[in-house]
């Protein structure tokens, strides 16, 4: 019963802030609402018995990614678009379509007999790390995947640096240098 | 009244729908990115929710996969934002509809 | 070895041309012409060498098909002459193109060499899939050359050409695939055997699919929409190759790939013959009204090839040599005319007949060649064109007087438009300013003169051409000759089973052979098969079949 | 004994050498030395003539046969290149090479100063080569080579002055009309091949075949096929010999240089039809229906051309129509199986008509290119030699007693009369035609040589007699015109000509010898012929000697009512041949092709629309695409859920 109340509170916050993302005009407000939504989702993870995942959610998502996003929004000052409308003709039929889509999926969900299992394992740090790094199991398990993920992140970083850096000697970089 | 597995799924569905709406109907490229993140979050939630319906060992899988998905999301956000910066530098606009260089 | 060289070496030559200097068109043209001479010499050697074939090398396996596809080349009289046309005309095109495309001669030569390789492959392939591969591959370099070097409407022409020919052969691909799911492998004989076993309705559908590709390529009446614009817009040397060699692939296909494979009903045969005759009349009438010199030549080609197709489907004894001589004569004379028209276009800057004229006093050497080529196209006796058209007429006469009469009518019409053409281009008063200094170049003139001389030689001694057929003719009927010939070539892979012999027997019976003839043919086949059965390969194949 | 192959080889060599000279010298302004070229040009035909003469002197009775090599050898068809020198080809060759050499000589003077001097002689030599092949070959296919070859040379020479587009049109017309006939020839050959295989194209084999048929009494069996073949061959002959209905090209062919008209369009080429009929005489003798057609066509042609000749103002056109008319006589003779008589007329006609043409050429040369007779007159005093030549030839053509035409024409008329009841009617027409012939030829002579000069004053001063190089051939031909007839002067008992031809055409004529209708003394025919000639001359004198000739107005072509007369067959060709073909071409070009283009366009448009339709989903806005894919997703899900996932 208590779990349900916590869940409802957190869900309301999550959905409410998600709606705020949809409706906010300035991206900065949107980003902040998104952080709120993510934090409440982290709470739900905890509630569901995956505290490690909730912590990671807060650290990586609400912390790192959203901070990066906010930073970029603030760096690019022109990001506040007063002249582009929030919604347009496309939105007019996208929103109903998505609602219908959600309704259909929901319909299917409601009819499906799912229920919590009593014997689930709590996704603690120990269990999670054991699952990730236990090579003794048959096959490589998640270890290789984990390493690949590391490579992916590294290359994403490299790509981001390459993309975003100003080309030395290019017209643009000279222009900005002139400004300074 | 207890917390039912279906509630979690419905919450995930709602958030996913909102994320999709944000991603598709907003024109500001930052909102597009945020919408995508929101949708990803919803999917993660759904994973965990389903994991909890499985017995013992099987349930751990559903809680590991979101880790990967978060990491991939981080990579995606990293590259995506870099691209936004690059495009913004050339276009001076955050309107996603103006990015039509790669039309077929 | 010669066969491999003729098919593959042009592609190597094309790659070699890539390495030559882009700016120095002189050196690259020298290299190209040298290689062209080499290929022409090889094709002459091929004609002299008679029928040869390479070993069948397994190439790949098409999913869903029973047998493998072979890389398997063979040459017989018809094929070797077609190869001669393709290499010879390519050589003259390489010579003639020097004056037209001096800036990017290298690229032109690359295109010509790849086109030549594809055409040679088409004519020499003994495997249906290989044939189809080259048949399609021809289109690409040709379309690229048109798009790159053509006239004003070149993009449209290239598109029309590519779409027409590719769409035309698409049904053939499907039909071929269908047959291959039944046939043991993709060589001619096994395909023929497979087709014989099918119900008649299926056979007819397959026949139409195969026909369509060749009808478009030749082109025959309702499918000629691509021809005029393509020949007109393509650079003249390419038009010459297109009409002189490539369009022959259509007629070649009828002879080599339709007649032996499909048991044609009398209706289909006479229908095709009348279609050919109608095309001949239609082409001549269109040529009569054409105002564009190259279009006139295009329609004239269409008329001649229509006559050739009519000749093919007369299925008379004289058909094969008649059509061969007609094709060779037409290939050379139409090629020469296109080259000459290209020179006229170069000098006058226009192809409009009304704007040309008076070249006979302005450039006597050119107009002598031009008039000479025109006379060749008129099929005056003593030229190869006459031998070809007369013998086709003879073959048509076999079908009845009316086809021959219609063919005779086209000869009158061809005189009418050809004379009009000659008159408009070289006679009369000068109607436009001719550019000085871009006249016929010596090498070009000599090469065209050699072509015309060849026509005269073949006109007085057509045996040079027709003798090459004698080796392949085992029986009197060319269709059966083809079947037999390919059977003789193929039995290395596929020893005849009793069932196959039975099928062949019924085919021959359907083709109208008498009992004793059939018996002798089958005895021959059996003898060949048993002789070859000793070879390891066939033993292996046989065990595979079991 | 010299090889038969040498006879055509000489002119061929000449053609190649002169052609090479023409091409090589085409670049230079001056052109090659005329003396050198002219010598070469006459040398080769003369050599050939010498060869023929040598051969003729010691020709064995059966003739000489020589097979050079194989020509075409394909299944169903095998033909050799072979020559046959017998009585018929001997006579034809003698006058072809003889007159050919003379006219080549004449041309040196006529073509003096022309830019295409060497080219002209190359063509002339090529023509002689083709003509020799035509008459010397031993099979029909090789004859056809010569047949088309002479047509080609005729085309080249009519359009010799190709700067004037009118000449080109005339040349094209000649070639195309001839082509129509040639197709008849071709199909005729194919027809023969169906009954006897390709070997039957050989003349000897053919006549053996015919005699076998006759001796085996199988005539009825082969007549249907042979009749078709005969009619087809006859169509070929009407084309080449300008008979009804294919005669329109010959008057137009006068656009060529005058020596060409003399050689090709009077003496040699146009008579090859007659030659062919005689050559195939053994076949035609079996075919009474075809023979009747030939007689009627010949009669109509002779009469019609004579009448049309009355209205011509152009001196060469008069001669052209007269040629057609005389050819009509020859065909009439062939139609009654009197092949020897027709060949005899070919022979005499070659002399007097060549003389007339060369004379006309000399007149034209003297008047610097004027061809309209209304602007001539009184030339007798200014160009006496030419006038004499022409008057002699005139007397020959009208059949004045003692001249060559008298012998040959009377022979023909006599044979026609003797051939049967129809022959008697034809005879009357032939006689009337002879009167008209005398009238129009008399008109020509009177308008040209008598009266007073009607041209402009300044041109009168330039009138001069032709140079010797032109006069010599004319005089020789005039001698021929007078005396050639004595080779077969029936009335005085000389039958040399008939005996020469007997081995070739004798059998055919014997087969068809009619039951003698009436014994008429040959002198009666001679007398009637003479009367006809004199009557015609008298009429011509009465009408034209003192008539005031209307002044020429521009063109020399007939106008008004006369035009509808003389251009009758032109308009028939126009309505039967040209316009239908043009309409067909128009239908093909404008209707059928447009329909096809429309079909092509429609298919293309459908493909484009489909493609565009597909591509229109490919909008540039990513969001829209996602939105569309969401819609698709919705639809998909809806289907899955509503059908309960069973689909």
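Per-chain numbering from 1; labels A, B, C and D assigned in written order.
One rule holds for everything that comes next: a contact is a pair of C-beta atoms (placed from the backbone, for glycine too) under 8 Å apart; a residue touches a chain by one contact, two chains touch by 3 or more.
On a predicted model such as this, the values are computed, not experimentally measured, just so you know.
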Treating chain C as absent and keeping all other coordinates fixed, how do the remaining chains group by touch? one piece
Central subunit by CA centre of mass proxy: C
Return the distance between the CA-based centres of chain B and chain C, expressed in whole Å. 62
At what distance in angstrom does the C-alpha mean of chain D lie from that of chain C? 38
Starting from the mean Cα coordinates of chain A and chain D, work out the distance between those two points in Å. 99
Report the inter-chain centroid distance for chain B and chain D in whole angstrom, where each centroid is the mean of the CA atoms. 95
Touching at least 2 other chains, the residues of chain A are 90, 94, 98, 101, 105
Residues of chain B that contact two or more other chains, please. 20, 24-25, 27
Note: chain C residues in touch with at least two other chains are none
Here the pairs of chains that touch are A-B, A-D, B-D, C-D
For the chain B and chain D complex, residues of the former touching the latter: 20, 23-25, 27, 96-97, 99-100, 103-104
Residues of chain A touching chain D in their complex? 90, 93-94, 97-98, 100-101, 104-105, 107-108
Under the stated contact criterion, what part of chain D meets chain A in this complex? 621, 623-624, 627, 630-631, 633-634, 637-638, 641
Help me check something: in the complex, which residues belonging to chain D touch chain C? 22-23, 26-27, 69-77, 81, 115, 141, 144-145, 147-149, 152, 155, 159, 162-165, 168-169, 171-172, 175-176, 179-180, 183, 186-187, 190-191, 193-194, 581-582, 584-586, 588-589, 592-593, 596-597, 600
Per the touch rule above, chain B residues touching chain A in the complex are 1-11, 13-22, 24-28, 30-31, 33-35, 37-38, 41, 44-45, 48-57, 59-61, 63-64, 66-68, 70-79, 81-86, 88-89, 92-95
